[in-house]
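After this come two complexes, each holding subunit A, first together with subunit B and then together with subunit C.
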Partner chain A sequence: MGAHISIPMYERTVGQRLAFEGERCTDCGTVAFPPKGACPDCRNDEFETVDLSGTGTVYSHTVLSPGGAPPEFAGQARAEGRYVAAIVELDEGPRITAQLTDIDPETVEIGMPVSGRIRRIYEEEGVVRYGFKFGPADD
Partner chain B sequence: MSVGLTDYGVSLPTYHVTAEVYEEVWGRFAARIDRKTVPAYDEDAMTLATAAAREVDAADAETLAVATTTHPQAGTLLSGPLSRSVGLDGPCRTLEFGSSWKAGLEALDAALSFGSGLVVASDTPEAPSDEDTEHILGAGAAAFAVGDDDPLATVAGSAHYVDAYLPAKFRDGADLTDLSLGGYTTEGFVEALSAVVDDALADAGLSTDDIDHAVFPQDDVKMSWRGGGRLGFDADQMSAGFVVNRMGFAAAASPLVGLAAALDAAEAGAHVLVAGYGYGHGASAFVLETTPAIEAPDSDAGVDDALDATTALEYGEFARLREVSR
Partner chain C sequence: MRDVAIVGAGQTPYGDHPEAGIKELFASAFGAMADSVDRGFDATALDAAYVGSLGVGGSQLGITGASLTSHLGLTGLPVQRVENACASGGFALLDAVHAVGSGASDAVLAAGVEKMLDLSGDRSKYWLGVSGDTEYERLAGMTFAGVYAIAARRYLHETDAEREHLSRVAVKNHENGAVNPKAQFQREVSLERATGAPEIAAPLNLYDACPTTDGAACALVVPADEAREYTDDPVYVTGFGGGSDHLALHDRETITSLSAVREAAEAAYDRADKTPEDVDFAEVHDCFTIAELLAYEDLGFADRGEGWRLIAEGRTRRDGDLPVNTSGGLKAKGHPLGATGIGQVVEVFDQLRGDAGDRQVDGDVALSHNVGGSGGAATVFIYEVDA
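Entry: the complex of A and B
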């Protein structure tokens, strides 16, 4: 296993893994996802929780061949071959890293609309870790 | 206002394999269907459940009734991650069913009994790849919102049945075992099904001819089709909900995906019968009557399109995916 994420660490971020729970700065309104210690724009440290739409566009992407997959995704790459890792710009502004799924890597384009969906990310310590991947946005 | 189904949706896995692909490798395809669905490496009963539930408007549900016989994290609540992912976390009752393939009907029964809730049935049954039993096994999920706010379909009748009848099919660990007892299996199936179908029809004050769509358990195509025939239903009544032809058998989820397909096909004022069977054995059946709301353009779950949208795998790709995933 590559980057070890313990069960307690995972749990603390479950609102960002199973739902799109972000934070909005009470001062300037900037939305942070995942939540930050201070507003990325004005450094204010007070936020309100907001449910984000879970939709956005592809900001950038790359294709990982099975040999280049980190250990936690080696099984996935062995099962289904290469996959796409992308930076997705959410409609509310934040950019996050996630896999793309339900899409041919050849057809991914910068700017294409995508939406989040829950998938198995990997299993560690016998516990299935679920989280978001992004696929082509619903019509 | 009477209680019924206010919304519904389905989710199917990413892939499918066809009968031809099996025939090339094994010389025969034992399932008598065109193709069956296959989950991707990152899909399981929980992810399919989430995807189906997200198709349904059930934001105010106070009961979450979940059915699966292939829980990815045995011994825990699938309702936990599911509730968080659909925004039902917090003060919500959860009920989970999964002893037999009747579990989907049990979850539906529970939500209808409480008068409201979100029902989700999701399953990814498995068996060893060198056994004929494996050929029909697919995967899928269906979700139904239950309530009394402008339902698409209301309950006209229901019935239940249980008795001792030694099972011809059961799970051994993760894998399904089928003793292939032929007529013995069919007799038990027809006995339990006929009991609940007769009683549910009587409860609704209807006869078999009044049923527009009938959905039966689909773990065996010949048994289901002929069993339905023995109960007095013809092909016109059974076709719409016979999703096994393209989905394969998705265990506890099958009758509810079939129900969703039947509701897609139903017009206002139609009678839809759905029945579930559990080996061991027992059955439940519901007769639903659709309302004018069923004809609203956005009420359709698009089951037919979802069944067409899966991506074909060659047998080698399927075998690799299975080998790494299991």
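Entry: the complex of A and C
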């Protein structure tokens, strides 16, 4: 049982997921990521695309025990054991949820600098879905 | 708006009901509600019903509401399923209050039902993960516990609370569940056991989480000025409010306060002309222990960042000055998703009418708080009885 992000739906978000494409409000300059239907600050609906750095800091995180992993992540949990999911505050302001990788779960701390990298996220409908995870910023 | 009252409320025992499907659970709760109406009532006089339900069999059915009411021979009336994840029951009650308050309806059923324990492990994990943000939170391999764990970690970072205060919420709610014959877990747990339970999503462990539950609950909502046709002891719904927010925690300004709850609470207090200090006891949505601490703050029982002190000082125990979750809460009483918001009404109804047995507390102003997902939706109600 997958997370029900259909391939057409995933395809429409490839810019966000593979290139950190966000949007900047043409009125107030607020940066939104993932892109929204209206500016989170002023509700203006005109934006320009902006390439985000993909770097930021850990805002908060959890270490998920493998037994509870959603079915589409059960394979990863079996292979790797506990894994870290975090909210990362990007340097441009917006926050985003993603896994942390290339790091010992016990060493993760709030405020730690991280950077994005493209990784295999999971597989659904026979198609591998790539997207970003974050790892230590100096990697 | 005309004033509104609840004149009947009942529920199934919460827990594992291998013998019952959703229709049988609903029938049992409806019967318990009907029995609680002191002078009885004519079920065919119901002129609307709202039924909270997240899913059936780990997916969604069409027209779930009427499948339940028609099972009891109630046809003709408009019936709607209401879905706002774990706050479906609260929103079913909000719709019922609006319907009666507007003058459009004179006798409305607010109900909730959920059958969770007949799902396979994988189906259950899938289905429990669909009430948050599916596009990013879920695609980080996040679980429902994980979302609340991220909020808990941040709360422990921003405040002087310690990990142990989370476990103390579980200990308190199990103390209450132990004396609730309708609770799923009618047993106490020690602090040692609660702090030492297996981790599920650090910093949360198994005893920070509510169980999965089968159950149903029903309440009868009528105009206040007709309430005495049903009973000498009506429970008036004097305050009510709903709120909504971004589903993903990362899209919110803060993750240690739920703005949907603050909106709902402000509306409820305003309408009832009450303040948090007026509340004698409350049923709050403790799907995870951290959620109860956030509720203390978002409902105004404590200042921001100070909610943990209420549990540290024992003030929300049954013998404290502000008992919270005398039923056992979601943690010990159980959490049949769509039924939970109405099950809270049952506890408030019994407490305010002096029918809560060994867990009876004093008071004539009560509050209930029901949260959907991780705060994407919420309702707050204030109830009063004649002093």
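Observations
Just so we're on the same page, the second predicted complex is superposed on the first by the 137 of 139 C-alpha atoms of A that agree within 3 Å, B and C clash if a C-alpha of one lies under 4 Å from a C-alpha of the other, contacts with A are read in each partner's own complex, and residues count from 1 in each chain.
In the analysis below, a residue touches a chain if its C-beta (ideal position, glycine included) is under 8 Å from a C-beta of that chain, and two chains touch if they have at least 3 such contacts.
Quick caveat, the model's predicted, so the values are computed rather than measured.
With subunit A as the common reference for superposition, the partners subunit B and subunit C occupy compatible, non-clashing space.
Of the two partner chains placed by the overlay, subunit B and subunit C both lie in contact with A:Gln76. If you count the residues of subunit A touched by subunit B and by subunit C, you find the higher number for C.
In the superposition on chain A, A:His61 makes contact with subunit C only, not with subunit B.
In the superposition on chain A, A:Ala38 contacts neither subunit B nor subunit C.
In the superposed model, A:Ala98 lies in contact with subunit C only, and not with subunit B. Contact with neither subunit B nor subunit C is seen for A:Cys28 once the two complexes are overlaid on the shared chain. Once the two complexes are laid over each other on the shared chain, residue contacts for A:Ile7 go to neither subunit B nor subunit C.
Looking at the shared chain after the overlay, A:Ala85 reaches subunit C, while subunit B stays out of its contact range.
Once chain A of one complex is fitted onto chain A of the other, the partner contacts of A:Ile110 are limited to subunit C, with no touch recorded for subunit B. When the two complexes are overlaid on their common chain A, residue A:Ala19 makes contact with subunit B while staying clear of subunit C. Superposition on the shared chain A places subunit B and subunit C such that, viewed from the Cα centre of subunit A, they span 150 degrees in steps of 10.
Taking the two complexes aligned on chain A, the least Cα distance separating subunit B from subunit C is 12 Å. Subunit A residues in contact with subunit B (one complex) as well as with subunit C (other complex) are 76, 121.
Remark: subunit A residues 14-15, 18-19, 51, 75-76, 78-80, 101-102, 117-121, 127-128, 130, 133 touch subunit B in the complex.
Within the complex formed with subunit C, the residues of subunit A that make contact are 1, 3-5, 13, 34, 40, 59-65, 67-71, 73-74, 76-77, 83, 85-87, 94-99, 105, 110, 121-122, 129, 131. Residues 122-123, 125-126, 129-130, 133-143, 145-146, 149-151, 153-154, 157, 198-204, 248-251, 255 of subunit C are the ones that touch subunit A when the two sit in their complex. Those residues of subunit B that touch subunit A in the shared complex are 14, 40-44, 46-47, 50-51, 72-73, 81, 84-85, 87, 320-321, 324-325.
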